[in-house]
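Presented sequentially are two complexes of chain A, the first with chain B as partner and the second with chain C.
== the complex of A and B ==
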């Protein structure tokens, strides 16, 4: 068999046994997210809490992992959620080095089930699996754990560990591989509930590729002509000799842009012409993009880094002398958590060495700690909740006087790095009400502390989904209704970048519009903050965004870079190649795949998740029970009407039309938003239709 | 082109310039006067095109002024010669940007049109004109308001004080009546053209761009 290993490794933590089983879902679900979701559906009873005995977690590599495809090192994780009202299927994802080691060990996925009676780590080397005593690392952070287990097993192993947050069953917890690549959604607590401290894995097998030369040719074609940087921004943020356009993009490298702490002295990242594949790794600097234009992040950069098989390098290695006394001076990160220093410090940020370095230095410190303690930020959910509590004096109101007095707020006010240690460690160890409640996730924090509905409706536009416990992720600010529709289908922040990667990529609007309209039809892509009423082309764009996201998470390609909708090359008219995934899949499997057949699988995965969600919510009407939108979406900018220049607000009646058209595209019942039997059967999901019908949830 | 690199002139690179290919096969003495003229013209085209291409390899353009000095030609004659050259199929990569003070010949796509335009604007050193050209282009094409710091970066390298003074001057001149500024919530100054962006739209685009959460 090409590309797939055809095998799944099952780890039973109760019996401490490992079994190898056939993967019967290779072609139907590809791998990664699709495979992992299907296994959860097959094996975990509806309603199972993620920390229950019956709960399982699936860690899956993608079909293209190990084949040399660019950005194919993502690992998909499927589990049940604890941060939502009821347990629902959720996906988490991480980069790093876990997925290739799973494939090289001979597996497409690992299923973890049962519960050990004592802390355990699992060592995997090809077919050899052992369950080891983890009492020596229980209680340690992920970094020290990784260091110790790499010493035990060998430096060639990938360590995927939990920190104290996972051990203490914190809803907002992560699993972390290679010290800094995390999958969230409470995955750490699932490991913790199973007393699983870490999976330590190294494989020496190979992934068979049907047509290696074609695969190489396609990869070179992508690198020469198609790929940009993170979010596939395809034009630099600075004028180089070759680029027609300059944008506020993550393509921050260029002449005079120096890695200030490069080994051997500052290094000029230089011109980065398309076609010069050796310069691709010099292009990206996501943190510098977010930190503004003073290049403070460049100054602290040793080099760019990142995941297995990725040329983009969105994780720079950073160094801060000022953090030496805290032991956090070396870090590698991309953007989240690091960007929210102001929230955690309530605006108390001071410079350390250079003007303007405070937010970056403190942000890196916090992010290092979050990874080490294994705390999940929920894509900013925790940050926003914390900031809301500060702004509204919630801590003073809800904590006991003793606990409030015991918290060293003076450290926060002083902008002291030690504040982050206090805050993160309290959450990870559930110390006091402060730690326990903040780690629950926004929904449960809001419930426990009685937040008013205005929490979800703040005009800052944080929670697109009303009272769901997960945050906006490129919603209506990204192509209006398109981004909004993308945000309603999952059970967490959408983590979909297919649409977002078309926005702010450095190209003028007319070029973006032209490429997208060729694919989805006239009117699919509105100008930023200049929206028009809903139309069928927008529904197609939104649906494709989700479908292709699922394809990526199943292959598993990085959706923070893929698809190749645009190109940096003017010779191509800046048009990319959205068939590249199918071409690669054909080359590696030796079987004919087309854009349509690949997207069919991506759609199947969404249909599966949608039906699972209806079952989990026991809902006859997902339109009402799941897809609700916060009022700010329609009420922001009160002095402006929807569909006028200068606002991203949507219109309530138009949104209902949007849902109608969107559901129609998916083949969901318009009234309820639940897949019809015909739709489910089209995707070979008759068993889901039967189950929905038995539960009285299938649309008539 | 690095920020520090000096502009390479044709004089400094003259030694490396090729003599050009023979346009006609026969020796010059065997050609009719008309053929000799044609041969000389084609040889000059070849030399000039080669010079432009050599400049392109250095990420530079060739100005009409430099071309005239090198070829010892009057400006009008040189410009006409280059117009004719650019009509030939073999020189279709040669393009020109017409600045206010000079013409700038370059090879495309080796150099981007906008790269040449921006470097030429910087070389002409007319800051109000540069601001107006850049701001109108960005307001129309992307569309977006232009951050004031744009003019402190390559290829312009003006100080922010210089840019602000230029804006004050422009505010008094009717030809720049469409150029307006907006100060964002983060206290950064942006410039936009009301020919292409309303104040309300420009300000909303600025605030969205500055809202980090939107782009995470």
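== the complex of A and C ==
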């Protein structure tokens, strides 16, 4: 068998046994997210809490993982959620090196089930699997754990570990590999409930590739002609010798843009002309894009990093002398926590060494601690909740006087790094009500502390989904209804970047519009803050964004770079190649795949998740029970009407039309947003239709 | 390739080895060579750079630019073995990636200092001498040390003899894999951390 290993490794923590089984879902679900979701559906009873005995977690590699495809190092994880009202199917994803080692060990996925009676780590080397005593590393952070387990197993092993947050069953917890590559959604607590401290894995097998030369040829085509940087921004933020446009993009590298703390002295990232494969990795600097401030992030950059097999190095490897005394001086991460320092410090940020270096330095310190303690930020959910509590004096109101007095707020006011240690460690160890409640996730924090509906509704533009416990991820601010519709289907923040990657990529709007309209029809892509009423082309664009996201998470390619919708090359009219996934899949498997056939699998995965969600919510009407949107979406900018220039607000009646058209595209019942039997059967999901029908949830 | 050309290469190679001695310290004195290799003086002196005099040219591995994507490893085996199998790659990064080349201070869990290991194409190859089957020889056309797959029995003597731990026995074929200086890793390194500089250019820079 090419590309797939055709095998799944099952780890039973109760019996401490490992079994190798056949993967019967290769072609139907591809791998990664699709495979992991299907296994959860097959094996975990609806309603199972993620930390229950019956709960399982699936860690899956994609079909293209290990084949050398660009950006194919991502790991898909499927589990049940604890941060939502009821347990629902959620995906979590991490980069780094875990998935390729699963593949090179001879597996497409690992299923973890049961519960060990004592702390355990699992060592995997190809077919050799052993359950080891983890009592010596239980309680340690992910970094020290990695260091110790690498000494035990070998320096080349990938350690995927939990920190104290996972051990203490914190809803907002992660599993993390390769220092900073984390899958969130409470995956750490699932490991913790199973007393699984870490999976430590190294494989020495091959991944068979049907046509190696074609695979290499396609990769070179992509690297020379199609790929840009993170978010597939395809034009630099600076003028180089070749670029027609300069944009506010994550393509921050260029002549004179230096890795300031490079080994051997400052290193000029240099000219990065499309076609020059050897300069691709010098292009990206995401956090410099966000921080700006006279290239402060470049100044602290040693080099860049990122995931296995990815030429886009979106993780800056940063160094801060000022953090040496805290042991956090070397850190790497992309964005989020790194740029939300102000939230955690309530604006108390001071310079460390250079003017304006406070936010980045402190942000890096917090990020380091979050990854080490294994706390999940929920794409900023924790940051926003914390900031809301500070702003509204919630801690003073809800904590006991003793606990409030005991928390060293003076450290926060002083902008002292030690504040972050206090805050993160309290959450990871559930210390006091402060620690326990903040780690529950925004929905349960809001419930426990009685937040008013304005927490979700006010025009902070944070929570697109009303009272769901997960925040917007490129929602209505990204192509209006398109981003909004993208944000309603999952049970966590929508980690879909397909649409977002078309926005702010450095190309003028007219070029972006032209390429997208060719694909989806006229009027599919409004200019930002110049929105127009809903139309069928927007529904097609939104649906494709989700479908292709699922394809990527199953192959598994990074949806923060893929698809190749655009190109940096003027000679191509800046048009990319959205058939490249199918071409690569054909080359590595030796089977004929087309854009349509890979998208069919991507759609199947959404149909599966949607039906699972209806079952989990026991909902006859997902339109009402799941897809609700917060008021700010329609009420922001009160002085402006929707569909006028200068606002990203949407219109309530138009949103109902948007849902109608979107559901129609998916083959979902318009009134309830639940897949019809015909739709489910089209995707070979008749078993889901039967189950929905038996539960009285299938649309008439 | 003519005998004259090989002779020229050998002269250049020897001259180059004189300049660099056992390491790259000597390189720092030659601005023209530094420019040719795309290195700064400080980089050459930092310990993050290795230069290997291969038959085809000088293989420069610059740890300051290596960002750990490991594409070199998989590209090596796709091209040379027709499968994706980093374990048998002739260039090795993963083993240095987490905790550095010395396994202590560097790597992504340390100071981010790590460098890809490459075949040295040794003047006096321990792998060749150790092979009991005479499977490793010097290719006449370009001087590269190559493995005759028909003679190799996968005993692992070469892997044990190499002071740099570079040859690897492919457990699926039971044959040794060794760098043949094809340059594909360097041609596809996304950060230019690996580079093969042709002897002709080295000769010009040293002239």
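Please note the rule applied: the second predicted complex is superposed on the first by the 699 of 700 C-alpha atoms of A that agree within 3 Å, B and C clash if a C-alpha of one lies under 4 Å from a C-alpha of the other, contacts with A are read in each partner's own complex, and residues count from 1 in each chain.
We adopt the following convention: contacts are C-beta pairs under 8 Å (C-beta built on N, C-alpha and C of every residue); 3 or more make two chains touch, one makes a residue touch a chain.
Since the model is a prediction, treat every value here as computed from it, not as a measurement.
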Q. When the two structures are superposed on chain A, do chain B and chain C clash or fit side by side?
A. fit
Q: Please indicate which partner A:178 is in contact with in the superposed arrangement: first for chain B, second for chain C, both, or neither.
A: second
Q) Which of the two partners, first being chain B and second being chain C, lies in contact with A:332: first, second, both, or neither? A) second
Q. Of the partners chain B and chain C, which touch A:244 in the superposed model: first, second, both, neither?
A. first
Q: Kindly classify A:414 by the partners it touches after superposition: chain B alone (first), chain C alone (second), both, or neither?
A: neither
**Q.** Which superposed partner A:571 touches (first chain B, second chain C, both, neither)
**A.** first
Q: Applying the touch criterion given at the start, work out whether A:210 contacts chain B, chain C, both or neither, answering first, second, both or neither.
A: neither
Q: Name the contact category of A:290: first (chain B only), second (chain C only), both, or neither.
A: first
Q) Can A:509 be said to touch chain B (first), chain C (second), both, or neither? A) first
**Q.** Touching partner for A:18 - first (chain B), second (chain C), both, neither
**A.** neither
Q | Contact breadth on chain A, by residue count: chain C or chain B | A | C
Q) Which angle, as a multiple of 10 degrees, do chain B and chain C span at the CA centre of chain A? A) 70
Q | chain B and chain C, minimum CA distance [Å, superposed model] | A | 16
Q. Inside the complex, what are the residues of chain A that reach chain B?
A. 238-248, 255-256, 268, 271, 289-290, 293, 335-336, 339, 379-380, 460-462, 477, 504, 508-510, 527-530, 570-571, 640, 645-648
Q: Over in the complex, which chain B residues touch chain A? Could you list them?
A: 1-3, 59, 109-115, 118, 141-143, 147, 149, 153-155, 198, 200-201, 203-205, 208-209, 212-216
Q) What part of chain A is in contact with chain C in the complex they form? A) 66-68, 97, 100, 104, 143, 146-147, 150, 155-156, 178-179, 203-209, 212, 215-216, 220, 223, 259, 262-265, 267, 277-282, 302-313, 317, 319, 330, 332
Q) In the complex of these two chains, what residues of chain C are touching chain A? A) 39-40, 42-46, 48-49, 63-71, 74-75, 77-79, 81-87, 94-99, 103, 108-113, 171-172, 187-192, 195
